[in-house]
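In what follows, chain A forms one complex with chain B and a second complex with chain C.
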Partner chain A sequence: MKLHLQRDSLMSAVAWAARTLPGRPTQPILAGLRLATTEGFVSLSSFDREVSSVAELATDAVAEQVVILPGRLLADIVKALPHDDVLLEWEGTRATIRSGKVSFSLPTLPAEEYPPLPADPQPIGVIPGADLARCVTQVAIASGKDESLVMLTGIRVEIDGPTMTMAATDRYRLAVQEVAWRCDDDTRQTNLLIPARTLVDVSRSMGQAGDVTIGLAGDAGAERLIGFSAQGRRSTSRLLDAEFPKYRSLLPTESTTEATMATTAVLEAVRRVSIVAERTTPVRCSFAGGELSMRAGSGDDATAEESVEISLAGDPIEIAFNPGFLIDGLAALGTAEVTMAFTEPRKPMVMTSEQAGAYRYLLMPIRLTG
Partner chain B sequence: MIDDPGADEPSGHDADTVSHRVGDVGCTILHVDMDAFYASVAVRDHPQLRGRPVIVAAAGHRGVVLSATYEARAYGVRSAMPIAQAHRLCPSAVIVPPAHAAYAQASGQVMDILRSFTPLVEPLSLDEAFLDVAGARRLLGSPRFIGEQIRAAVREQTGLTCSVGVAGSKLLAKLATNAGKPDGLTVIPPADVAQFLHPLDVTALWGIGARTAHRLGELGVRTVADLIEVPLTTLERAFGANQAHRLAALARGEDPRPVVSDVPDRSFGAEHTFDEDVLDSERLTAMLLALCERTAARLRRAAVRGRTVVVKVRRADLVTLTRSRTLDHPTDRGQELYAAARGLYAGLRWERARIRLIGLRVSGLVSSAEATEQLTLGQADRGWREVDVARDRAVARFGEDAVTPARLLGGTHSARSGPHAGGMPVKPPQHPTPHGAGPPPGAPG
Partner chain C sequence: MRLLIARCRVDYAGRLAAVLPEAVRLILIKADGSVCVHADDRAYKPLNWMNPPCTLREEAGPAGERILRVDSPRGEGLTITVSEVLHDSSHDLGVEPGSTKDGVEAELQRLLAEQPEVLGAGLRLIRREHPTAIGPVDLLLRDAVGVVAVEVKRHAGIDGVEQLTRYLELLNRDPILAPVRGVLAAQQVRPQARTLAGERGIACIVVDYAALRDADEPGDRLF
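Take a look at the complex of A and B:
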C-alpha cells in the first residue's frame, strides 16, 4: 500500500492518535499506532484498553488494509519530516516513510495481535467544544488523584435532557457546574462517571473544534463506554464502575456570611501570602468589616499578611484554608467577581460568581487546633 | 555582689517603683535573664575573683568583651567593647578566657529549672528565656511568686543570680528585667505600663532599631511619651500603615507574640521481638496494629502529633529493613498510623519471611495545639477523635486492656506480652469492656 500525505495534517492526526499510546503497555502490541485504510481514507488510532483515540485523514488509499507501526517512533519521525509531501508505504514486515530527501524504514508490528477497537458509541447529543472545555476545566480541579479511591478520580456527569451537570470531589472540595447541550431526547436521564484525566484531555483537545458529538455504548443505565467526536477526531473512554459520593446533600442551602470581592485581587493576594506557607499549612482568613485579611506562616518561620477589600453581608468569620485549594477555585472561576459564603469555621465555604452560572466550588476549611 | 539585698528580699531592687505595691494580675509573661552570665560563672568557679572586676574575653588584644562583672561595669566596661578599650577603662580588671563548656552546663541547669515551673519556656540564648505562666498560676501561685521561686531555685542550684521581669507581654517583661538588674525582680502591672514606658527612649522598645529611631527623631520623637503623642495618620504617612500600627502598639507596651516553647524533634516508637520467629502475616500485622495503637496513645499523652511513620522489620536471619512514609497531616490516631504502617510493611514483600522483630516509630512531631487538620466534606462533627479521647480516659481509669480494637482481642497480639513488656505481668485475655468503661449495652457499635 502506498499513501501520499500532507505533512502538517499527518502530524496533527498522529499527534491526536498518539495521545493515548500507553506509556507502559500491558501488551507490546499496544505501543503500536494502528493505521487502517478504506478507499480514500486512512484512520490512525491507539488504544490502551481504557481509552482509544482515532483520527481520520483523506488520502489516496485504494483498499482496506491494516498496518501497525511503532507509535512513539512514528510520532517522532513525523514531527521531524523536512518536506510538505510525505509518502508512506508498507509491504510485509517493513514500512517506509519518505519526505524530501529523507527516508525512514521501520518494522511493522503483527496486525493480528492488535485487539479490536471499541465500537463507535451511539450518538446522544452535541455540545459546543468551548462549553465542554470550560465546564470540565472548572470541575476537574476538585477531582481526586488518589488511585486507591477510584470513585473520586472520575467526573460525575449527570445528563438530564438538555442540561448536563458535572461534579468532582477529592473529599476536601467539591466542584459542580451545569452546562446546556443539545440532547437527542429531552427526557434522557443518565449518570456517568468518566475518568477525570481522560475527560480533561479530550475536552482540551476538542475545545477549539466547534461541535462535539457525545455517544454512549452499552445498555441504558449500565453504559460502559463514552465517545467524543469532532471534525474527524474520535475518542472513547471506558466509564468508571464505581459509586460517586452522594454530593447533593453536601451543598449548603443557607449561609450566615457572604463576602464578595474582585477575583484577581484575592487570587493574587493568596498566591503572595502562600509563598511562606508549606504545602499543607493553612492561610488564615479573617472576613470582617470591609476587609479580608489573610495570614500565612507562623511562629519563628516566615510569615506574610495581606488584605483585600470586600463587601461583607452577615457575621464576621475567621477561617483557614489550604492555599492551593483556594487558588484552584479562584483560578477556575474566570470571572471578575467572586462571592464566598460561610456558616461556621468548620463547615464548607461555597465559592460562586454571578457570571459563572450555576458553578459552585465547596471547600472544607482546615481545623487549626486539635 | 557587694550589695545584695535580693538575697533576703527578692524584690528589693524594684522597691522604689510603684509596681512593688500593686498586684500582678494579667502579668503572665516572665522574662528571666542571668546576671553577667559568663563573668558570674567565672567568679563562681574561681572564688578568689569574687569582688574584683572580671572581664571574660578571648585571649589576644584584638578580642572584645564577652561579659563583665558589675564591678567592672562600674568602670564603664560593656559587652562587645574592644579589650584594649576595656583595659584602659579598668586596668585592674582580671581578664579570663571563656569556658564554653561551663556556660553550656550552667545554661542547661537553668533551663531545666525553668521547665520545672512550666513547659512553656522559650529560650532566647544560653542565659535568657521567656516563660508563660498563665497555666501554672493555680498550681504555683502568682506570677510574682513564681518569679521569686525561680530566682531562689537558680541561686540554690547553680550558685548564680538572675533577674526576672513580670508583665503582660514579652516586650514589657524584657524591659522589666532590665529595670531590676542585677539580681532583681520587677513587675509591671497593666496600670503602670504607661508610667513605666513613657520616660524610656524609643530605642528601648524591642524592634525599634537605629534607622527607625532616626526617622522618628526627624518627627521630633525621642521618648515613648513623644511617640504616644504622634497621631496615627502622621505615623502612617512616614512609615506606612503596618509599621505605623506596630509602632503605636509598641508604644502602648503591646506585643502579641506568644511564648513558644521549642519542641525538640523527637520521635515516639515501640518495637516487639517475638518469642519465636513468626511467619503468619496475620499475626504480624496485628502486632503492628498494637504497636500503632500504643504509640498513638503515647503521642496523645504527650499532646503531640507526628507526620512520618517508620516501620522496621527484622527477619530471622537478622536482615533488617526500615521503610518510612510521610503523611499528609500530622496524626495521633492509631488507625491512621496503622494504615500507613501496613502499606509500608506490605511494600517489603516479605510475606514468606520469618520475622523476628517488628517496630514502629513516628517522627516529625508537632504540638497538638499547633497541628492543623484538613477537614473533609460530610465529616461528622464528632468522630474517631472523640472515640480516642473516651478510650484514653477509660484506659487511664481501668488499665491498658480496658478498650482495644476488636482485632487485638485474644492474648497473642498484645504488644505487652513479649520480653519488651517492661516487667508488666502478662494478663490473660479478657473482655475489653469492664463495667462502665464501654458503650452501654445495646448501644450501636
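Take a look at the complex of A and C:
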C-alpha cells in the first residue's frame, strides 16, 4: 500500500494518536501505532486498554489494510520530516517513509496481535470544545492524586438532560461547575466517573475543535466507556468503577461573612507571600474592614505580609489556608472578581464569582495552632 | 499465555552452551514474547528462559518432531525439541492490573518527610533523597543527638538492611554528618531483617500507611 500524505496534517494526526501510547506497554504490540486504511482515508490509532485515540486523515488509499508501526519511532520521524510531501509505503514486514531526500525503513509489528479497538460509543450529545475545556480545567484542580483512593482520582460527571455538572475532590477541597450542552434526550440522567487525567488531556486537546460529540457505551446506568469526537479526532476512555462521595451535602447553604475582591490582585498577593511558606504551612488571612491581610512564615524563619483591598459584608474573620490550594482556585476562576464566603474559621470557605456561573470551589482551612 | 507440557530436549546457545536432556517439562510462552522452561521443582525458577524481546518460530524436524526456536537480538538462542506433547493450551489473561507498590513506597516516603516525628520525637527533616555516591538515601533527619538516615520500604527484608548499612558506612565517613544512626521504616519488617538490623544497631520502625495518610484530624478535611 502506498499513501501520499501532507506532512503537517500527518504530524498533527500522529501527535494526537501517539498521546495515548502506553509508556510501559503491558504487551509489546501496544507500543505500536495502528494505521488502518479504507478507500480515501487512513486512521491512526493507539490503545493502552484504558484509553484509545484515533485520528483520521484523507489520503489516496485504495483498499482496506491494517499495518502496525513502532509508535514512538514513527512520531519522532514524522516530526523531523524535511519536506511537505510524504510518501508512506508498506509491504510485508517493512514500511518506508519518504519525504524530500530522506527515506526511513522500519519494521512493521504483527497486526494480528493488536487487540480490537473499543467500538465507537453511541453519541448522546454535543458540547462546544471551549466550554468543555473550561469546565474540566476549573474542576480538575481539586481531583485527588492518591491512587489508593481511586474514587477521588476521577471527575464525577452528572448528566441531567441539557445540564452537565462536574465535580472533583481530594477531601481538602471540592470544585463543582455546571455547563450547558445539547443532549439528545432532555430527560437523560446519568452519573459517570471519568479518570481526571484522561478528561483533562482530551478536553485540552479538543478545546479549539469546535463541537465535541460525547458518546457512551454499555448499559444505561452501568456505562463502561465514554467517547469524545471532534473533527476527525476520537478518543475513548474506560470509566472508573468506584463510588464518588456524596458531595452535595458538603456545599454550605449560608454564610456569615462575604468578601469580594479583584482576582488578579489577591492571586498575585498569595503567590508573593507564599514564597516564604513551605509546602504545607499555611497563609494566614485576616478579613476585616476594607482589607484582607495575609501573612506567611513564622518565628525565626522568613516571613511575608501583604494586604489587598476588599469589600466585606458580615463579621470579620481570621482563617488560614494551604497557599497552593488557594492559588489553584483563584487561577481556575479566570474572572475579574472573586467572592469568598465563610461561616467559621474551622468550616470550609466557598469561592465563587458572578462571572463564573455556578462554579464553586470549597476549601478546607488549616487549623491554626498557637 | 500458552502452556505447553511436553517431553522435550532443550539446547541453549549464547553466553555459554547448555543442554537439558529429554524429559517432561512445562514450557510457558508469554504474551510479552518470553519463554520459560520449568521442571516440577525450584518454585518460580525456570530451568532455562529467554527474556523479551525474542522471536519464536515453530517448525517440523527431520523425524517429524516439533522444534521451537527462540532467538533474541542479543545472539542467544533456545531450541526446544519436542518429542511428545502432553498438553498445549493458550489463554488470554487480559490486562494485569499490576501492583501499585512503587507508588505506595514513594507516597510513604513523602508522608514520612512531612511527619518525621513518627520515627522519633524531636526529629526534623534535613532532606529527601539525600544523594550519595552509591545512591540516594530516602530521608535524612536530624534531632538533638545527631543525624538519622532512613530507608523507607513497604516490606523490609535483609536487602533493605544491607542497603542501609552501606549508606551508613558512607555517611559516617563524612566528619560533618557523623555520627549517623540508621532507621529502617516499613509497613512490615521481616523477622530476619529485624534480627540483622538489631545486630548492626539499626532501629526498625513499623509505620502505618493509612494512619500517616490520614494523620490530620478528620476536622481538617471536608470528609
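Everything below uses one rule, namely that the second predicted complex is superposed on the first by the 369 of 370 C-alpha atoms of A that agree within 3 Å, B and C clash if a C-alpha of one lies under 4 Å from a C-alpha of the other, contacts with A are read in each partner's own complex, and residues count from 1 in each chain.
Here, a contact is a pair of C-beta atoms (placed from the backbone, for glycine too) under 8 Å apart; a residue touches a chain by one contact, two chains touch by 3 or more.
It should be emphasised that the depicted structure is a prediction, and the values quoted were computed from it without experimental measurement.
The superposition on chain A brings chain B into a clash with chain C. Of the two partner chains placed around the shared chain by superposition, chain B is the only one that A:S298 touches, whereas chain C remains out of contact.
By the touch criterion defined above, A:T26 reaches chain C but does not reach chain B. Of the two partner chains, chain B is the only one that A:A320 touches; chain C does not reach it.
In the superposition on chain A, A:R171 makes contact with both chain B and chain C.
Of the two partner chains, neither chain B nor chain C is touched by A:T253.
In the superposed model, A:P348 lies in contact with both chain B and chain C.
In the superposition on chain A, contact is made by A:I366 with both chain B and chain C. With both structures placed on the common chain, the touch criterion links A:E147 to chain C but leaves chain B unconnected. If you count the residues of chain A touched by chain B and by chain C, you find the higher number for B.
Superposing the two complexes on chain A places one of the chain C stretches 58-66, 112-120, 130-138 or 166-174 into chain B: stretch 112-120. Within chain A, the residues touching chain B in one complex and chain C in the other are 169, 171-174, 245, 250, 280, 346, 348, 362, 364, 366-367.
Considering their complex, residues 169, 171-174, 245, 247, 249-250, 280-282, 298-300, 305, 320, 322, 346, 348, 362, 364-370 of chain A touch chain B.
Contact residues of chain C toward chain A in the complex are 31-33, 52-53, 95-96, 100, 103-104, 107, 114, 213, 217, 219-223. Residues 26-28, 49, 146-148, 169, 171-174, 245, 250, 280, 346, 348, 362, 364, 366-367 of chain A are the ones that touch chain C when the two sit in their complex. By the touch rule above, chain B contacts chain A in their complex via residues 242, 260, 305, 328-329, 332, 368-379, 381, 385.
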